[in-house]
Amino acid sequence: MAEIPQYVRIEIEGLQAQRGGKILFSQLSFSLQSGQIAVINGANGTGKSTLLRLIAGLYPPLSGTIDLSMATAQKTAPALENKNISLPRQGFSHYLSDKNAMKPQLSVRDNLRFWCRFFTDKRLGAGEEKKVLLRALDKVKMAAYADLPFAALSTGQKRRIGLSRLLTGARPLWLLDEPGSGLDQAGAALFSQICREHLAAGGLVIAATHTPLGLPADISLNLADYRPQTPEGQFYDPLQAG
Amino acid sequence: MKNLFIRDIKAGIKAGGAIGTSLLFFISVIILSPFALGTDKTLLAQAGPGLLWFFALLAVLLGLDRLFQTDKEDGSLDIILAAGDFSSLTVMVLVKSAAHWVSTVLPLIAAAPVLSLLLNPAWRQAAALTASLVLGTPAITFIGALGAALTAALPRGGVLLAVLVLPLIIPVIIFGTAASVALAAGTALQPLYFLLALTLFFGLVGPAAAALALKFTAE
Amino acid sequence: MSLPAPSLPQSWWRGLSRPQRFMQISARLLPPLGIISAVGLAAGLYLAWAAPPDYQQGLTVKIMFIHVPCAWLSMLCYTMMACSAAGILLWKHPLAAIALKTAAPIGAAFTLLALATGSIWGRPSWGTWWEWGDSRLFSMFILLLLYCGIIALSRAFDNSRTAAYAAAVLTLIGFIDIPIIKFSVEWWNSLHQPASILRKGGIAIAPAILIPLLVMAAAFTMLFFVLQLLAMRNEILRVSLRALQQKLAWEAEPAAVDEPDTIADNGQDRETGL
């Protein structure tokens, strides 16, 4: 399993996004580095999911930039500015949406094995792959369910498996959309622990959520603060646009 | 990518018999066709290759709308799209189409010689038809993948997919039936070469266009 | 709020990408274009009227003066749509998205006219309304199907950006595929038809027929541009109207329109119009 590079930084600058022709937020800027977690708040429809999908690279923002950089050895921040390598977003992040990305008719093990191979460039040996899968399942206390078809699990169990996907391949940046939805208290505690370990290993987390994660947030953003305040700013009118 | 291939085939086999459904559709319409055309043996024998090609085409298109839709519904398409650039997505579509062809179309082709013999008891024609299907149906799957990518985001994309794709695959139908007739009659193999060229061409263009469509229509 | 710059190569091109600029330019262009096409059509119709009848086909040959320009435009329109599709995919040009969407029904109409006039012409000259063996009729019909597919696809999505990209990909693939379809239909034709009765291309074109034909083709082309400009203006106005409605609704009841899912798509990305 590949290791997370030692120092990672993501910089978001002047981001603006639309959905269905309506501007959701603009001038959104923040930066995050290894070991930090950003929590995105905001009512339904303020663009939390859209922001995560923009960062995941599913589609481009209207304006603004998302820069990712990493260094293999920990440096002081100013030095890093010069030496960092900007990365394409592919292969950099794990994106967890409200869906769990599992085939219902396949077994939990088959599902996780697929993602493990998908996220790992070099093919692992059979023994090593087994270990990775077992570890991922262990972390969410679901090892006993490995051979059941995914469809047979309850909502909370499905979410646990969805979360364990993040552990099948090393990615520095985790983009989590309502990670706690469907989880019971024990599941939420397990998830906080997984996040804590990821942060301790030098990872980054950007989570969009209504519910508290059980982790102290380094950055807390409310997207409602970034929405345009005038109707002119929200709706595109081709005859009025500058 | 072998990984994706295996997953799709496994999921296809276990997906409530989706493979069987296409095959059953194919067999049913062929069995029904004498009721529409009559039992005139020469007519059925003459119409045989055309009928089989046409119904194979419909059976392939029927299942294709699910090619990306299941992945979109369960969320895995987002992850695959976020992880890939244009060229790796093209390969991804190619692999998914290949998995679909193996799991859905190959059973049809296996049944085709038997059905052909029912319409026309000539071994040579049955073999020729099967060979033309093997060479030509991948082209339908590849260009159908573009239709599937374009309609993946739509709730009822199935019929639209067929409407979009059917005009594009007219050459495949023309050269497919012509190739099977030419093979059976032992005449010039020119249509067979055209068919092969079409499969190769669509194998390149279809997945690339589908990858573009998936990437641009993600929201 | 300042607009970010579209990703376009040249400044005049970028200037033209603004919808207001397009509205100004098209408003200036439309009256002269309209007059030219009206005069051209009148002149072309008169010349066609005055043209001598064909010694074999008699008066029916005059359908050609409508049929050929329609067929020509059905192809010109598709070529223009393919260029728009490239404009969408390569430069995200906002006008290209509008042009592709509005051109499809116009192209479909000309294709339908070409088919109908071809069929009417076929009745007296070939003795049949429809001839499966004629690859030109058949290809024209497939072109109509393609147009209809593009129309259906570009109106199937809620999000106009998605719709523009999807229609662009389909248009380009169709553009690549049309020559292959044409070739295969011709090849198939050579198998199944004793190609004897259908040589209408064999008419020797005398200047007395060629000149009215060219005038008609030019006038129809002008007509196409007028229709296309009007349709594009209409589309821009439609989007603008929707935005105005939304602003009014928002001002009256800000809380009620918060959910983006309940908001109908007003059409455009701010930057690209896609």
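Per-chain residue numbering starts at 1, and chain names A, B and C are given in the order in which the chains are listed.
Note that a residue touches a chain if its C-beta (ideal position, glycine included) is under 8 Å from a C-beta of that chain, and two chains touch if they have at least 3 such contacts.
Quick caveat: nothing in here was measured; it's all calculated off a predicted structure.
A.B. asks: Let me check something: if the centre of a chain is the mean of its CA atoms, which chain is farthest from chain C?
C.D. replies: In terms of C-alpha centroids, the chain at the greatest distance from chain C is A.
A.B. asks: Compute per-chain Cα centres, compare each with the mean of all protein Cα atoms, and return the closest chain.
C.D. replies: B
A.B. asks: Report, in whole Å, the distance between the mean C-alpha point of chain A and the mean C-alpha point of chain C.
C.D. replies: Chain centres of chain A and chain C, defined by C-alpha means, are spaced 44 Å apart.
A.B. asks: Provide the C-alpha centroid distance between chain B and chain C, rounded to the nearest whole angstrom.
C.D. replies: Comparing mean C-alpha positions, chain C is 31 Å from chain B.
A.B. asks: At what distance in angstrom does the C-alpha mean of chain B lie from that of chain A?
C.D. replies: The mean C-alpha positions of chain A and chain B differ by 37 Å.
A.B. asks: Name the residues of chain C that each touch 2 or more other chains.
C.D. replies: Residues 159 of chain C each touch two or more of the other chains.
A.B. asks: Which chain A residues touch at least two other chains?
C.D. replies: Residue numbers touching two or more other chains: 19.
A.B. asks: Where in chain B do residues touch at least two different other chains?
C.D. replies: Chain B, residues with two or more chain partners: 219.
A.B. asks: What does chain C use to touch chain A in their complex?
C.D. replies: Going by the criterion above, the answer is residues 1-4, 18-20, 23, 94, 158-160, 236-237, 239-240, 243-244, 246-247, 250-251, 258-261, 263-271, 273.
A.B. asks: In their shared complex, at which residues does chain A touch chain B?
C.D. replies: 19, 53, 56-59, 88-91, 93, 95, 97-106, 110, 114-115, 117-119, 149
A.B. asks: For chain C, which residues count as touching chain B in their complex?
C.D. replies: So the residues of chain C touching chain B come out as 89, 142, 145-146, 148-149, 152-153, 156-157, 159, 161-162, 165-166, 168-170, 172-174, 176-177, 180-181, 183-185, 187-188, 191.
A.B. asks: Sort out for me which residues of chain B touch chain C in the complex.
C.D. replies: 143, 146, 150-151, 153-154, 160, 163-164, 166-168, 170-171, 174-175, 178, 194, 198, 201, 205, 209, 212-213, 216-217, 219
A.B. asks: In the complex of these two chains, what residues of chain A are touching chain C?
C.D. replies: Residues of chain A touching chain C: 16, 18-24, 26, 43-45, 47, 62-63, 228, 231-242.
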